[in-house]
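Every chain is named by a letter (A, B and C) in the order it is written, and numbering of its residues begins at 1.
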Amino acid sequence: METEILQAVVSGLLLGLIYSLVAVGLTLIWGVMDIVNFAHGDFLMLGMYTSYVLYTSLGIDPLLSIPVAGGFLFVVGVVTYRMIIRRIMHAPMLVQIFTTFGMMIFLRYVIFFFFKPDYRSIGNTVLSGNVKFLGVYVGIPETVAALGAFLTTGVIYWIINHTKIGGAITATSENRVAAQLMGIDPDRIFSLSWGIGGAAAGIAGALLSNFFYIFPEVGGVFGLTAFVVVCFGGFGNIHGAFIAGLIVGLIESLGGYIAPPEYKHLFVYSLFIFLLWLRPRGLLGVT
Amino acid sequence: MKRSFLVVFFMVLFAAAAAKAETLKIGAIYPLTGPAATTGKELADAVKLAQEIINNRHDFNLPLAKDEGLPNLKGAKIEVIVADHQGKPDVGLAEAERLITEENVVALIGCYYSSVTKTASLAAERHQKPFLNPESTAASLTERGFKWFFRTTPNDDTFSENFFQFLDELNKKMENKVKKVAIFHENTDFGKGVKDTETKYAKQYGFELAATISYSANSSSLDSEVQKIKNSGAEVVLPASYVSDSILFMKTIKKFNYAPSMILAMDAGFISGEFGKSLGADGNYILSREVWALDLAKKKPMVAEINKLYKERFGKDMNGNSARTFTGLLTIADAINRAGSTEPDAIRKTLVGYSIPGDQLIMPWAGIQFNEKQQNELGRGIVVQLVDGAYSTVWPFDLASREIVHPFVPWDKR
Amino acid sequence: MAVKDLFMVRKTDYAPVRMAVIIGLVFLVLFVPVIFKKPFPQDLVIKIFLFALLGNAWNILGGLTGQVSLGHAMFFGTGAYTSTLLFLKFGVSPWFGLLTGAMLAGGISLVLGYPSFKLKGHYFAMITIAFGEVFHILFRNIDAFGGASGLFLPITDNSFSAFYFGIHKAPYLYIVFFFYILSTVTIYLLDRSKIGFYLRSINAEEDAARSLGVSSPFYKSIAMFFSASFTAVGGSFYAQYVTFIDPPSVFHLMFSIQIVLIVILGGIGSIVGPLAGALVLIPLSEFTRIYLGGTGRGFDLILYGLLIIVFAVYQPLGLVGMFGRKRR
């Protein structure tokens, strides 16, 4: 009995770390410029396809393609900002939702067009197998992915809180005008935030591609959860998103273990609703 | 005077239309976009191949293969109009109506998704056009008392019973006997329907139901689900899963080093091309219900020849879904030909009395013949096993092309 | 102030031009079944008005109060399931079911809405997504409500009292058009009434309005109630029209989003906006599916996504804004 609960906890934490990384990218963009990126899950999908293409065409292991996926999605993020987002910065929130929603459909079906709707997965990678530890099974790819997610989240946290660029990002998100007066170019900061946000999703995608199936609509599986995590943690709050990711992973796993699994998402959403009713700005949001 | 002029005018128009009707249209509605788009494409391809065989001369022992077009309709060619229902019941309904009223199709086939077949066939029922369903297996479809709805594939009720017949026969034959089963099903219409019939037959055949786990197909993790099955101590796991979740299920049981004595799946994800492709050797030794397998060619050489044509054109092998759809189009076209008319009533009457022996089909069925519910009563399922990328028939034992590997080989002994 | 006063309509800018437009539209719609005899174009017009109705309903909340709901499918589904279940289990007339569904959805909206109105911007949008998902999961798993298999209405004799007309589309068209007009009149009257005035002041400057003693949750609840009820009416209509409902077709998040898309495309907060949006978006998605969907490569959806982006970037005020009409 104890091992089973421990197993559920471990599974939940490993999953939660991935949720955290996906959510961190989202919350960064959200916090800095108050824009919702509905296509964030699809950035993750692009990261997965990057690994897939590198693996099938050049035989590069997904582990090695992590920087490529991260870099590629950094570029995608920046380009998205420069081509599209910059033009809707001052539009009403709804128009922004509408735009990124259009991006979501567009990205999904461009990939669909080129790769067909097939489910794919990468076999024979460096990482495979499982280990038994204290009676608990953990998959090696899952563990590495969770560790990678943890590290990446840590790096982003460090960049935001302990570097000059991070200071500029924080300053811009707190007060755009004041930041501008201090000589920070908000345009570059926004561009950079989209880059980092995209890179986080790309890295998460590459990590996931080690053990998760890949198909054009895979972004939807993680996208919605990422929204919940971000809201849960408080918009723009990186360590909030990190903790919320773990909590959501745990609820899903334990909920699915204790109750009928078909209701596991119900627990996540219900808890989310009650939390927002009690704390209208999320777990760590300032009220 | 004026009125008779009008009558003559329309008669002329009608006659002109009839004379021009060297092609007659059949509507096919499949999920060409959305989560099941891969399957939808395979089915649309199967329809195209069947159309080609009907319209041209081929030397197969299949209905209409040896002639060009439909001989009883002066060699009229058929043209299949393929429409996309996106997996949505209301779109299926609208497309069926559009095909009937705008494209003037004489009959409809489709729609793979049971939920969409439900609404699309409703349109056919209202407009009194024959609707032939080659591949939706929800038992409820033929329970509605529809006059214009015919189904060639066996349904989930038959398939579920097949499972327990198979287990019964296997227990008699093998030393490693199994008694405890667990049902693992995704929670849409398909999975729930399968759960109901499997539960019924488990009881009837005296098996113990150790657990019933329902889950959502778009889960990002199946850890807790698999853990529950593992704890239930079931010897046979009966999954009803779509593609993504079937792959995730296999990866998860491997991660947990969990190997039940048998995994006996209700087709869908487990027989999709992607299942074997993405899992490689990790997909080995699962058993699945099927309606068709390539190795039937050993008993029916025609199967291999048709598959060769399919592969030449579309780059992949046929599977149980495409074979059934292929057979479906041949059946409806054959019925139209036998009726010698495009009148809906004549086609319907022909379908009611329709009968074709098994040797003129690429299916492992005894034939096609509709019972009073207009369900084909000569169909049956087979059980296949995946070994090294190929599905081989292992049951019924007289059709088996290889010996069953039982029990399921544990992960550390591979 | 008396409740009656709240619903008093300002008579200052009574516009005969608008009346003329509405009357013209009525005549045009009445003749649709005469001009287009085939079911397909009639079906298209029915869908356009259904979505225009839903867009209007959404606009009562989203347009007037600025509260962005991405969970309106829950009200749509509530309407669809209420009338269908009442008919299937108790033989209750779908017309009565439609009213019950509207009241029920309104009630649900009050219970869920009231504690949620303190949420700002994205948070409100997110909590409505969560509501929608909760409804979706529950209905998928409760077998008494048909579970994942959904509910199927039996074929009955065509009659107005049974809300069933078989292959005849004209009655459905007139019914949905009637509800569309009803919702348009409602939003018009609400907008002109004191409630509308308060709602707009809350929308513009919530804190200021509050400090002047305008109870924002109270007025938002009124808007939410009407919004939810009309959406539920659309749901009951959909169930009677398609005669089959299951959780993915009435509770899906994408459905909620589609309603919002139509409003944004047409112009947020505008009375003709939803109809304009539906007039463009519904035929667009139908025709791209028919002419490009058959290729099986998803080309229709690439185009759809691209158009949304281009439109949002270059025409964020919606179609109504494009023709120079300013939002009031």
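A few remarks follow.
Just so we're on the same page, a residue touches a chain if its C-beta (ideal position, glycine included) is under 8 Å from a C-beta of that chain, and two chains touch if they have at least 3 such contacts.
Because the structure is a prediction, the values reported are computed rather than measured.
Farthest chain from subunit A, judged by C-alpha centroids: B. More contacting C-beta pairs link the chains of A-C than the other of the two pairs A-C and B-C. Here the CA centre of subunit A is 38 Å from the CA centre of subunit B. Averaged Cα coordinates give subunit A a centre that lies 32 Å from the centre of subunit C. One inter-chain figure worth recording: subunit B and subunit C are separated by 37 Å, centre to centre, where each centre is the mean of the chain's CA atoms. The multi-chain contact residues of subunit C, meaning those touching 2 or more other chains, are 137, 140-141, 298, 301. Across the assembly, subunit A contributes residues 112, 116-117, 260, 262, 265 that each touch 2 or more other chains.
With touch defined as above, residues shared between interfaces to two or more other chains in subunit B number as follows: 33, 37, 41, 187, 214, 216. Against subunit B, the residues of subunit A that register as touching in their complex are 4, 7-8, 11-12, 15, 112, 116-121, 123-124, 130, 132, 137-139, 142, 211-213, 215, 217, 220-222, 225, 252-257, 260-262, 264-265. Of all residues in subunit C, those touching subunit A in their complex are 62, 68, 70, 115-116, 118-123, 125-127, 129-131, 133-134, 137-138, 140-141, 253, 257, 260-261, 264, 268, 297-299, 301-302, 304-309, 311-313, 316.
Of all residues in subunit B, those touching subunit A in their complex are 33, 35, 37-38, 41, 187, 213-216, 218-221, 223-225, 227-228, 231, 243-244, 247-248, 251, 254-257, 272-274, 277-280, 282.
For subunit A in complex with subunit C, the touching residues are 30, 34, 36, 84, 87-88, 91-95, 97-99, 101-110, 112-113, 116-117, 216, 224, 227-228, 231, 235, 260, 262-263, 265-266, 269-270, 272-273, 276-277, 280-282.
Contacts from subunit C toward subunit B in the complex involve residues 38-40, 43, 137, 140-141, 147-150, 152, 155, 166-167, 238, 242-244, 246, 248-249, 286, 289-290, 293-296, 298, 300-301.
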